[in-house]
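In what follows, chain A forms one complex with chain B and a second complex with chain C.
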Partner chain A sequence: MKKMLQESELARDSRFVRSKIEDRIFDPRGPKIAQRNTGPAKMATDRPAAAERSRSLMHGIFVGEVQALEGAGRTCFDFDDTEAPFQLKLDMARQCWDEARHCEISLKLGDHMGTEIGEYTESTFLFAAACNPDPVLRLCGVNRALEGLAIDVFSTMKEFGNESGDPVLEFCEDWMLADEVTHVKMGSDWLRRLTEKDPERRERALEFQRTVDSIFNLGGFRGEDEENPIQLARRFRELAGFTDEENDSLAALARQSMEEARQMAEAASVALDAQSA
Partner chain B sequence: MSGRITITPDPFTLIDYDVGEIAGIIEDAAALVGFPTDVEISLEVDEELFPPLTGHMADVVDGRAVLWISGANFEDTRRPRHFEPQQARTDLVEMLFRAKDRLSEDFADAPCDRELSRGERIAWDIYAIGRTERLGLPVRRPRERYDFRLQHGFTDVADAAFERCWDAERMTWAGIGEICKETGAANRGPSKVPVDLLRNK
Partner chain C sequence: MAHPERVEVPAPDYLTERSSNRENAYVTDSSKPRAPFAPWDRRELPGLFSVEETARRVGNYKWAEMRLFEVLGGWVATVPELDVKMVLGRHTYHHAWHSELWHKRLPELREMNPDRLTKPANDAFVTFMDAVREPEAPEHTIEKLVGVYRVLIPRFIAAYTFHKNATSTITDAPTIRSLNFALQDEFEDWRDGEMLIQSLLDTPEKVERASRRQQELEVLCLASGGIAGPGSLGEPVQEVAVA
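And then the complex of A and B:
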């Protein structure tokens, strides 16, 4: 079996449609919408298109779980025992079990909300973070950055389940959230153990984590304001071993990312208006 | 395009939609619904809105059907900025059912769409979607049930009310009010977010 699989090589059946990043970047509607008030981004039943937004997010979570399963599975296989200790691979195997369960739960939540596999496109840049050839960097990118993001997403969805009085969503998200806290903790523990005598490698891994974190802030996707659909779950992050300093730094990164996105949207809008004048 | 149908914008500049094709679907949908042939229909498509920012409104103003819809409703979610005719047909049938309701005595007292509560609006939508399904158009019941539950609650009472709205051959504006009282949606405070927010540029 081939080692170090690229994201383009992921196996999918005909229901799945891969999204193209250029579709999003060059969509002329993006800058126009950025100038409009489309309501609070935070999930709530009285925001516009609440049901469709939650369905779309749920589908994104489902494909994210599929990729998380593939990523953890690859880590079991891609490295020999000198690169990644057997105990680390056991942890990854346990994570595969969790992610497979999350896939099934997310699929059933999709049924509950009335959506289907492949109804929305799949972006694979989550798996891209799981392609790093250094196991420590990969763990930092996946188990600390992405599983950290999963904590924020599940905590937000759990709150939405509570606010909308939907017990199915609330309980399912709570159970998955508990697993994610464990996954982050595994990432933090292995980072410490594998880089105990190599501070330079540890710093490279943390830098990689910051890069992945800033990509997944997605111009305001995550943060601590009403404008952010996904809320930073500080309490659960603390339980997973993130320090206050790390959480503050992530919040600052999210604010910076939102400001950059706002400036880019303004510039693009001016350019589009000039073009159509 | 027949003289009684007007569509804006004409042409579309941000998305790959065709005014002639949409007008043809409206003609078709109007015939399916039994929409009066002497009533003018104007449709505004907001081409700036993309998925998941969906929404639509159907009012009657000075005897004309005035429809508004987000461009996201007509979009193929697998192919950004491309038109999905089957979805457009289903949405237009639903909108024309509601516009036709407004022309009847049964809904004479109903306020315009921007003044409806979210509970009232979804109950009326479900009444229209149930009829759309019975015309043979593809709709997804679990999806609509979830939308209904978000405004009326995840309860047996709400689910029973959903079934009644879906199966109803005839319903009135007063009936919509009764449904909202029964599920408790009528007791929810006014929405903090205007229901027509997406329509406001």
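And then the complex of A and C:
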């Protein structure tokens, strides 16, 4: 078996439907939807579309867990003993088990909430972060950026479960949240250990993490405002070892992403109006 | 030791006179000699393996478990079957944990540089493991699973069981403890894998594919002598001759 698998090579059964992130961003229906005033985007139980949105998010969590499992597995395989220390691979193997469990939990929760595999599309940009040929950069992309996003998502879903009176959802999200905090800690720990004598490599890794974080903000998907469906979970991020400075910087990045997305939507809307005139 | 003040409660009628005697109930005769090994403890000192031989075998186990957990992790992304994907994810950790158990055991066997003994039994075993790890395409799930669950894991079960039964139950107790943990996983993982294979073999052609794959790998494994090389399961011919 070859090393380094591309995201296009991920194996799926016929139920899965893959979509590109750029197709979603440049969906021509987007600007029209953006013109509608649908109130704050934050996940809230009093929103008419709350149930539908939570199901969609649960499906997104499920495919994200599948990709996280695949990413951790590839890190066990892609690097030889000189590129990735034995203990790092053991941590990744442990993460495989955790992510496999998260897939199982997400599938059961999907049933519980009324979704089916393939009801929503799958974007594989999460796995793309796990394709970096440098194990340190890969760990930063996966264990700090991706798993950091998972902390925010699970914290938001846990809160949603609590507010909507769904103890099953709240219970499961809390368990998964505990694992994600551990995974982020692993990533931070290995970043420190592997770049102890190589500050330049550390900076490259952190830059890669910022890039991945910026992608994961998805033009306002995550942030700290009412407009962000996924809220930045500062308390759990601190538990995972992110500093206040890192959290502030991520919040600023999220605001910037949202502003850029707003400007893009505005421009697209103008273009659409001009086209229809 | 003096007992604290007790409230005297009459003994129930169903107790014998001896059991009802409260003075005896709190006293053991500290001077009475007891055998150092209880009658049910049948462990014995002799074992087939020296410290060096044990370290060599443990190093072979660690190498094989490492190669196994790496490939299981690598395969997760290449199998389309969701149930297989999740089982492989779980088993990846089991075998990583076994390799960690052996990694920690090596320094206790006077091997202060565990990497030195972390090696395959011989070149033929490397060839065998390379063949086990070779399938990649998404349509080769049967070949992947047969290699691991019908050929390799039964070899682990056999080698671990022989080691457990042959080593000194007193001097090598730490290895036996790890073998027991690993064996429990191996048996359960083998069952998981075998059931997945059976569920995938739904046509005579697939049965044929699985058999062919198993035969190819069995031949390669035979050439290596097993996970710890020749003698992985002892040497029955020699033992009969000695007897």
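The criterion applied here is as follows: the second predicted complex is superposed on the first by the 273 of 277 C-alpha atoms of A that agree within 3 Å, B and C clash if a C-alpha of one lies under 4 Å from a C-alpha of the other, contacts with A are read in each partner's own complex, and residues count from 1 in each chain.
FYI, a contact is a pair of C-beta atoms (placed from the backbone, for glycine too) under 8 Å apart; a residue touches a chain by one contact, two chains touch by 3 or more.
Since we're looking at a predicted model, the values are computed, not measured.
Enquirer: State whether chain B and chain C clash or fit side by side on chain A once the two structures are superposed.
Expert: Fit: chain B and chain C sit side by side once superposed on chain A.
Enquirer: Between chain B (first) and chain C (second), which, if any, makes contact with A:Q256: first, second, both or neither?
Expert: Neither partner.
Enquirer: With chain A as the corner point, what is the angle to chain B and chain C based on their C-alpha centres after superposing, as a multiple of 10 degrees?
Expert: Approximately 110 degrees at the chain A centre.
Enquirer: Determine, under the contact definition given at the top, whether A:T45 touches first (chain B), second (chain C), both, or neither.
Expert: Touch status of A:T45: first partner only.
Enquirer: Answer with first, second, both or neither: which of chain B and chain C does A:R55 touch in the superposed model?
Expert: Only chain B is touched by A:R55; chain C is not.
Enquirer: So, does A:Q6 touch the first partner chain B, the second partner chain C, both, or neither?
Expert: Touch partners of A:Q6: none, neither chain B nor chain C.
Enquirer: Is A:V66 in contact with chain B, with chain C, with both, or with neither (first, second, both, neither)?
Expert: second
Enquirer: With both complexes superposed on chain A, which partner does A:V17 reach: first (chain B), second (chain C), both or neither?
Expert: The answer is first: A:V17 touches chain B but not chain C.
Enquirer: In the superposed arrangement, which partner chain does A:A93 touch: chain B (first), chain C (second), both, or neither?
Expert: Only chain C is touched by A:A93; chain B is not.
Enquirer: First (chain B), second (chain C), both or neither: which does A:G165 touch?
Expert: first
Enquirer: Have a look at where A:G114 lands relative to chain B and chain C in the superposition and call it first, second, both or neither.
Expert: first
Enquirer: Rounded to a whole Å, what is the shortest Cα gap between chain B and chain C in the overlaid structures?
Expert: When the complexes share the chain A frame, the smallest chain B-chain C C-alpha distance is 18 Å.
Enquirer: Where on chain A do chain B and chain C both make contact?
Expert: Common to the two interfaces on chain A: nothing.
Enquirer: If you look only at chain B, which of its residues touch chain A in the complex?
Expert: 13-15, 47-55, 70-72, 77-81, 118, 140-147, 149-151, 153-155, 191-193, 195, 197-198, 200-201
Enquirer: Spell out the part of chain A that touches chain C in their complex, as residue ranges.
Expert: 1-2, 5, 9-13, 66, 69-70, 72-78, 81, 86, 89-90, 92-94, 96-97, 99-101, 103-104, 117, 127
Enquirer: Can you check the complex and tell me which residues of chain A touch chain B?
Expert: Touch list, chain A to chain B: 17, 23-24, 27-30, 32-33, 36-40, 44-53, 55-56, 111-115, 118-121, 164-168, 276.
Enquirer: Which part of chain C faces chain A closely enough to touch in the complex?
Expert: Its residues touching chain A are 66, 69-82, 85-90, 92-93, 95-97, 99-100, 103, 115, 133-136, 138.
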